[in-house]
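The two complexes that follow have chain A in common; it is paired with chain B in the first and with chain C in the second.
On to the complex of A and B.
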């Protein structure tokens, strides 16, 4: 069977990003970087996605949205925070409306720093996310195997 | 002997169509990438995608979802099997329509607004292409004197000689059936669209995998329909058919990459005009010739 990580479908959500990182995310799909080489598909549907890629910090308005998108994704799933705002809140971290980085709301697996994060580092982060995805899928396979064994016995 | 060949052909379709369909899908993505100046994913990428979808968790929104999607897949396989078995074209097309209805139902049982809107668009797409599909069956009857697909092997000349207009009309609606731009209204293979993923929004894991698989089966069947126009009793007609199928596939990818999505009323209008002018006109001319000679 081919590996799980050979087909990562990415869902991109813009938290409260200034669009700098978003443009770099889209740049990763262009001919120069062509992230589809790794089988990455940019999908708009959480039900189809394996990787949730978030740019920008979390504010009190989009907190519930981010949580809902995360819950709508089927297991195994990986979260990648792109840009310093998504990692920690960045320069906006003390603003009255900003809660902080993505990890204040949902568990983050890979942090990609930068302002704006370069396409090279975004690709690097996604490739690291593939390893996490593979580990999680192995873990969930072992878990479901254990469950079925428990049911049988 | 002919029954043995027909059975073997059906069997070959059921077993090999996923391989051919998946390979064509991979070729599509590679070709699209090259047209955009990119490297593109590996040729076997659609198979990796399918394997992943079958392994992912299923978040079923409705208990009827699985039944509807499984029925859709089964009916699509049935459509292609009947077609490659050389059965009545009308029967083939009616089974195809039933399959599409199951697809629409699978989306509507979820109650998701995006999936429902996608399902409505899927119905409009069906409304657009169905007349041309029926005219194709009628055209084959007028050209060969029989609705049965297998009878093309007893004709002296390929059907394309008598049905060029019907073929053009079918080419036009094939873009709708292949879910290619400019007619990928109900769901699209490309990233951004206004309806999330339209009719497939609520399908996760194995549900989406079955939809993809059905899509591959359907594509092989549709390309078989293209080949039917070029097959005759002559041995070389097979080569002609393969060439035509590859050319049509390339054209579909080219159109997909060079056109933007249209509104539904534009699709409906243009599909019906093309059906009436190319398909209807062709049949009218055939009838006039038959009456004169």
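On to the complex of A and C.
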């Protein structure tokens, strides 16, 4: 696990899960698992969030909401699909109102399997997401540096 | 006065699940709340006609991750009624114990979320710390933290030995004393009382009129509990129906805390009385007929209807979940409330949207 310059804020949204993974996401914030020790803070505002935790597959009613939340998040941003439903649609794959996993709607960086995903695996997914976030912010920093050099010359 | 419409949700910090309300406000006061649903609707009832009735049990357990155990159990009870089989007594007692463990974890979860809704972070953490011990017991006995998949049509898949049961009961004393000190904060602390006392009153008449169920109904002074029908082993067990005449948010908190202590009492009795013997009897063939099952879930009474036509698939499976019944009460208590109290009032009905929308 690399060192981080900033503390990443996570936001949680329920695509159309059974509540199991949502509760496990909350449980990973509480004393036994405590992801705040990685500097991770749970926020309710997409404009403040670096990492989006999505549980459950995407249903047709929710699709636009998920897309809007994703678009409202500032760059760089990382999406973590929590639970098997978010990865592929899971047990609800054949339901008429389920479009599929989260990656049918927005790009996903980290997949966390499990039904319900255990707090340990959610934390593991978050730590991997921190890696992705660090790479993305380095890439965007290099990009903006290149742009400012180009302007100067 | 000029009216404003403020959208609430679907993404909102207080709610783990999406629900959308259009709140019509006059200044800071809510005049009307117009709900819209369907953010979690998956269409699970339709799956009943596509999946084998034995496999469908695992879909039913995923109607909701919090009350997963009771959904699975009710489905099995319904199927057992169609087959006309009586499950072994030991299985009935095991089901009762698991039911109460899931009620314990659900109520503790709710207490935490309530504390979070009025901004008492420490209380949220404390409630969830106690809840983790219950989840450890569920995991020890079933193998899963939330989705246990331990029910079968004809009994249960796992047994608990005497040492395990005694170990659970041994932990209860400490948990009860910890809960008592939390109870003091929930019911006596002046900051908590300021947020809960006389907020969101639902009178007894209204509770009947709007069809409230579960703790919401009992907090309005109606003494009714589906467990008294005696499904699983509840018929042999002595417990009190906790009611309150407060009718407000504090009363709902009080009722749920009271039910936590009753759950400990029920598990203690079940552990004392549990008979030895088989836990499963094989059931063969395809079901034909229909059954209705009523159970008391943590959030209130749930009703299951299933119809089988002699094939591998069920013809119809239908659930009426407690939150569905309580939404009407919610829409009753919202008008007249302050805008700042809306998240809290939504929480006091203990909403489970994934149950409601399926």
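Heads up, the rule we're going with is that the second predicted complex is superposed on the first by the 147 of 153 C-alpha atoms of A that agree within 3 Å, B and C clash if a C-alpha of one lies under 4 Å from a C-alpha of the other, contacts with A are read in each partner's own complex, and residues count from 1 in each chain.
Throughout what follows, a residue touches a chain if its C-beta (ideal position, glycine included) is under 8 Å from a C-beta of that chain, and two chains touch if they have at least 3 such contacts.
This structure is a prediction, so every number in the text was calculated from the model and none was measured.
Look at A:6: by the touch rule set out above, it reaches chain B but stays clear of chain C. Look at A:74: by the touch rule set out above, it reaches chain B but stays clear of chain C. When the two structures are aligned on the shared chain, A:31 is found in touch with chain B and with chain C. Looking at the shared chain after the overlay, A:137 reaches chain B, while chain C stays out of its contact range.
Applying the stated contact rule after C-alpha superposition, one finds that A:121 touches neither chain B nor chain C. In the superposed model, A:44 lies in contact with both chain B and chain C. Residue contacts after overlaying the shared chain place A:92 against chain C, while chain B stays out of touching range.
In the superposition on chain A, chain A positions 30-31, 43-45 are in contact with chain B in one complex as well as with chain C in the other.
Those residues of chain A lying in contact with chain B across their complex are 1-4, 6-7, 9, 30-31, 34, 36-39, 41-45, 47-48, 50, 72, 74-76, 137, 140-141.
Chain C contributes residues 10-14, 16-18, 38-44, 46-47, 50, 58-59, 62-66, 68, 109, 112, 124-125, 128-129, 132, 135, 144-147, 352-355 to its touches with chain A in the complex. Per the touch definition, chain A reaches chain C in the complex via residues 12-14, 16-27, 30-32, 43-46, 56-57, 59, 61-62, 65, 69, 91-92, 94-98, 115-116, 118. Of all the residues in chain B, the ones that touch chain A in their complex are 29, 33, 36-42, 44-45, 47-49, 51-52, 55-59, 191-193, 196-197, 200-205, 208.
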